[in-house]
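Take a look at these structures.
Here subunit A shows up in two complexes: once beside subunit B, once beside subunit C.
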Partner chain A sequence: MSGRYLLRRTGLILYTLLVVSVLVFGITQVLPADAATMLLGENATPEQLAAIRERLGLNDPIWTQYLRWLGGVVTGDFGTSMRTGLPVLPQIAEALSRSLLLAALSIGLMLVLALPLGILAAVRRGRPVDLLVSLASYVGISLPEFVTATLAILVFADWLGWLPPTGYVPLTEDPARSLLHLILPVATISLILVAHVSRMVRSELVDALHTDYVRAARLKGLPERVVLRRHALRNALLPTITIVALDVGYVLGGIIVVEEIFAIPGIGRTLIVAVQNRDLPMIQAGALVMAATYCIANFLADLAYAALDRRIQYG
Partner chain B sequence: MTTRRQILAGATALGASGLPATLRAQTATPRRGGTLRMSVDQAVAKLNPLLTRVNPEYLVAELLYSGLTRLSTDMTPEPDLAERWSASDDLVTWTFTLRPDVAFHDGSACTSADVVASFEAMLDPATASPARNNIGPIAKVEARDPRTVVFTLRAPYADLPVMLAYTNARIVPAALSKAPGLARLDREAVGTGPFRLVSYEPERQVVVERNPRYYDPQRPHLDRVEIVVYPDPTAESSALISGSTDVMMLALPTEFARLQRASGVNALRTPSGQFCNVNLGCDTAPFNDVRVRQALALTVDRAAMVDFVAEGFGTQGNDTPLNSAYTYYRELPMRRPDINAAKRLLAEAGHANGIRATLIASDRPAVRTQLAVALKEMARPAGFEIEVRTMPHATYLEQVWRKGSFYIGFYNMQPTADGIFSLLYTSNAAWNETRWNNAEFDRLIEAARSTADTARRRELYGQAQQLMHRDVPSIIPVFFDLLAATRSYVQNYKLHPRGAVFRLDHVWLGEGAPRRG
Partner chain C sequence: MAELLRRLLRSPQGAIGLALVLLVLVLALAGPALAPHDPEALSPLRRYRPPSADYLLGTDQLGRDILSRLLAGARATVLLALLATALGTLAGAVIGTASAFLGGKVDEAVMRTVDAVMAVPSLLLSLLIVSVLGRGAENAVLAIAIAFTPGMARITRSVALAVRQQDYVNAAIARGEGAGYIVLREMLPNVIAPIVVEMSIRVAFAVMLFATLSFLGLGAQPPASEWGLMVSEARRFMHLSPWMILWPAAAIALVAVGFNLLGDGLRDALNPRT
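And then the complex of A and B:
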């Protein structure tokens, strides 16, 4: 891997982000209603709408608005929220930090659980352990987050009283309480991820265990542990990494339901609120952050590919 | 003279004694101290008190800021920054006297100049404050001396002291009342309220603590209040039941039974003037014919509407926007469903073969859709073929609201009868959705505005309700009760029928309250 490759990749990511910002800006223009309408709701009078549009600069041509926004971003100024009047950047950073914490814990837990479970099921294919893991992951995949989350709250908070039902406490404010509040949301998200990834690991590993090179390795007299780790698993993990990379994106943006139920104001919720209120600067910044996360996660996945499979080289 | 004194008597008497009624009536001595954690269902997106629009924002504004008057639970005005007031005989000139020695959070004095500047900001169209249309026909606000403010009105207006308690009519420092200073109030709070701001995060929580400079040394009883945002209603109830929170601002009917069963929880309920209605465009066929409107109203089973739309937590509406929560409500015989009479009226109006119409409902709140679907079924036997179209709230606001002639509306209770009538139903109403434009009705409302005599006003508003009940500019089948809950150690929290008033400065924590913070 060369420096030129890294540079090209970074350029590509920036280009993607630019395209995303144009697309998102364009789409918001097609949506019915604007920030002024949403701000005033059923309180609006024409003169108030006009006053607010004037103040927010919504009367300018679209391209003027876009260039004004882009000019700000290039100089590090993401503007102020049309809804709250607060600066965008600290809010997005705050929301992202919460989502990242949630994502890191969930993905960590997933890796700790999904890999061993998937391997165990593949190695013991057709046995009771395999059936149990498969069944559990079916349940995990088919139950939507809002069901598992609500059930978890009812059981662990309402009935048993072991954990706080919802709410978010920053790590900096009270680390112990913060982690206590994170247990249920992390468990909810991990359940789905584990189900997802362990099934992937299992099916890939099952395929790999039936390949010629694994048979060759076995015939060579290698111990089963080495066959598994050095030959089968290494190849089975490649597609799994793609899935994990996509899951990182999912955890950052797709867990709005979990963020909503557990009252965690993360990036997903911030973006939904921004879209509902046609809060352009917040929508733009939120969409950029999400797009950047996907880009970076995929980039890292590609690097991991190369590390696992020597045949893959980037130049 | 005696008549006008009647309206003012209550307020001035309270001003003299210096203690609000709720506090005097109380038997137990309030305990001082503690942190109250209250959950709300929406973000506190606006901190600026002149621009707040939803209940959690009103709550925070009420903690941090004061008005000239405030609304007691029986909908009468009581002194806040103004300790007394009086009106000229023609109700056009009103004089308010401020408390002495009131200070803002930053220590600067709050004088009549700040009051004048605040009202000028509310009335300035560039501020876009909802107060502008809701605090009465104010022509001019002047400071006579540092403690006296004089309002000159464009027309006589008996309700001024009540309307000055409006949610957005808060006093801010003169220096911050205009751009660019006004923008600072999006981030910080400089008010005269019972609490001052500690931290503010729109989507998560707002923390306030006791304002040591508050004008009443007795209040607030609490040291600290934390307002926490819970977007999911089930999770919000769970937080209260498990003791993570102390007060839940608003409970859904679907959660209420669970809260009633929970131990250590007081479930609260009060009838309110909040309603859902069906707006009929009185200038557009077929609803320009009063017989068609009456026919549709006759198909509605109001008891069933309360059960279906409000899940039983409501009262029946009689096609006027007032119910028992309003002072000037007149009880008229409830309109009962009568399909044959409805068919007859339709036939007389030339629609013997029935009417087809598309009823539009926004998807927020969900009761709008429920009402639309119920009406469709109830009206069918009389010959109304109603097609229900639901749409996202944003689309509704842009395309249908105030433009359509057959759609579902949803309104909060207003402090006065005049507030709701002149907001929605007079010809010059700010949101004249029905285009009813009835001269007789306008005259009655106008006359009631400029009358100080309570009995006479009662008569005028009674006639106005009768007229509306007969003419049906909009079908109002159901009023919603307000539901909430507290932990049982929370003392003196009263659910206010208006829905937008909370008075947490009167609340204290009794035996069994947990230590927080």
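And then the complex of A and C:
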């Protein structure tokens, strides 16, 4: 892990965010919405509209507007929401903290379930339990979040009455009720991840169990348990880090739907509300924050991979 | 081709996947003709019916036959998802091949930009694009196609680069074949196979994405019987009749399972190692 590699990687992240900022700014500029009308309402006089356009700099060339916006973003000023009139950054930060809790719990639950399932399926390859795990994972990756979430509410809230259907309680207010409300959303997001990751773990481990070093370990008489733990799993589980990091993009997409259905005021729901209300500064900030989260997750995964596997030399 | 089909049918995933996909395509194409009732016909006296001999899957909140609506909606859901995937694949293949062909700094710049766009989740990107183009099924198709383009570009490029290095391409060059012959006869057949595999898995994702956009009110619009929209509408009435939600949900899952199985089956069948 050289300093040059870290510098190059940071440069790539910055380039990614720059491209995303151009993309998002471009898309929001094409949106059929006039910021001045949005702010003043339909009844504003032409003079008022002209005055506020002048004040907001909406008459400037598009690249001037972009650079002004980018300058604000770099200094931590994401502008003010057109819907609420409040600064964007604190709202986004609060929403993000709720979403990160949801995402972290989902990824945690996924690891607890997906690793044992994948290992079990690989060790018992071709047996009924392997087929069962495969079958379940095919169904799991084929159910969109809105279907899982709707069915989960139908079964666990409506029929059984075990869990609250929707709503959000802050963790600091009432931890027990907060977690109770998070069970269904977390389970919904995890399902598709468990299905995907357990399949990846299975195929990596199946490959590892067919390598020469595993054969050698078996031939020198090590018990199967030790062969699995010390030799096969160590190599098979490493690629899982990268797969999980890439799945973060999928989690972020899933969060949009799940937060909307379960009425969780996180970044996904904020984005949907912003898109519905054509709240341009909010859309720009939300999309940028999501892309940044994805980049950072992948960067951390690469660092973890290199730290765990000394054979990898990033130059 | 026959050899490929034989290998595909030998694996359980391939055989089941192919059967499911063929069944779905037949239903999507012949759907309206097979429907036992008019999918739009309202019968106020027969609302929220559970499955029965007359209404095999029951009726919805307006007394419409759910089976007929599912069959009519298959066209919207499955064929539009196929169209979106095909468009995205085509655009991605052009960008990926061009990038691999140009190489050097251009290739580097194109691929870094493609990676950057991929940092935006597909659902978010298509959500933003639909909000620009306006809600509606056609715009959702376009949005999904655009959201799929960077991923397909990346895959096409890596395949095209790998194929370019193969001995049979070098042999063709050494034989003195023309560039057109090498690209069309040597490279293209070997580039297409991995792309088709990726495409069939993407169709499953496109079906789910399209249904999700409709569910959020941005894709197909009422009174269309697109499956995601059917789930969304049925949510308000699920206490009265859970069947209304279960059938379209099962239909989405079945189609996605079919294309996922077919994709995995094709991958195994095309993999010379197995």
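One rule holds for everything that comes next: the second predicted complex is superposed on the first by the 267 of 315 C-alpha atoms of A that agree within 3 Å, B and C clash if a C-alpha of one lies under 4 Å from a C-alpha of the other, contacts with A are read in each partner's own complex, and residues count from 1 in each chain.
Definition applied: a residue touches a chain if its C-beta (ideal position, glycine included) is under 8 Å from a C-beta of that chain, and two chains touch if they have at least 3 such contacts.
The structure presented is a predicted model; accordingly, all values stated were derived computationally and were not measured.
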A:L252 contacts which: subunit B (first), subunit C (second), both, neither? second
Review point. Which partner does A:I141 reach: the first (subunit B), the second (subunit C), both, or neither?
Key: second
Q) Touching A:T75, do we find subunit B (first), subunit C (second), both, or neither? A) neither
- Task: Check whether A:E260 is in contact with subunit B, with subunit C, with both or with neither, and answer first, second, both or neither.
- Result: both
- Query: Given the touch rule stated above, what does A:T150 touch, subunit B (first), subunit C (second), both, or neither?
  - Reply: both
- Now for A:D158: first (subunit B), second (subunit C), both, or neither, which partner does it touch? both
Once chain A of both complexes is superposed, is A:L23 in touch with subunit B (first), subunit C (second), both, or neither? second
By the touch definition at the top of the document, which applies to A:L86: first (subunit B), second (subunit C), both, or neither? first
**OP:** Give one of first, second, both or neither to describe whether A:L31 is in contact with subunit B, with subunit C, with both, or with none.
**Re:** both
Subunit A positions within both the subunit B interface and the subunit C interface are 31-32, 150, 154, 158, 260, 278
Counting only contacts in the complex, subunit B reaches subunit A at residues 43, 45-48, 53, 125-128, 130, 132-133, 183, 186-187, 201-204, 228-232, 234-236, 238-239, 241-242, 244, 392, 394-395, 397-399, 401, 410-411, 430-431
So, in the complex, the side of subunit A touching subunit B is made of residues 31-33, 37-45, 47-48, 51-52, 55, 83-86, 91, 94-95, 150, 153-154, 157-158, 161, 164-168, 260-263, 265, 269-270, 273, 276-278
Residue set of subunit C touching subunit A in the complex reads 112-113, 115-124, 127-129, 131-132, 134, 204, 208-209, 211-212, 215-216, 228, 231-232, 235, 238-239, 242, 245-246, 249, 252-254, 256-257, 260-261
Seen from subunit A, its contact residues with subunit C in the complex are 12, 15-20, 23-24, 27-28, 30-32, 138-139, 141-147, 150-151, 154, 158, 249-250, 252-254, 256-257, 260, 271-272, 275, 278, 283, 287, 290-291, 294-295
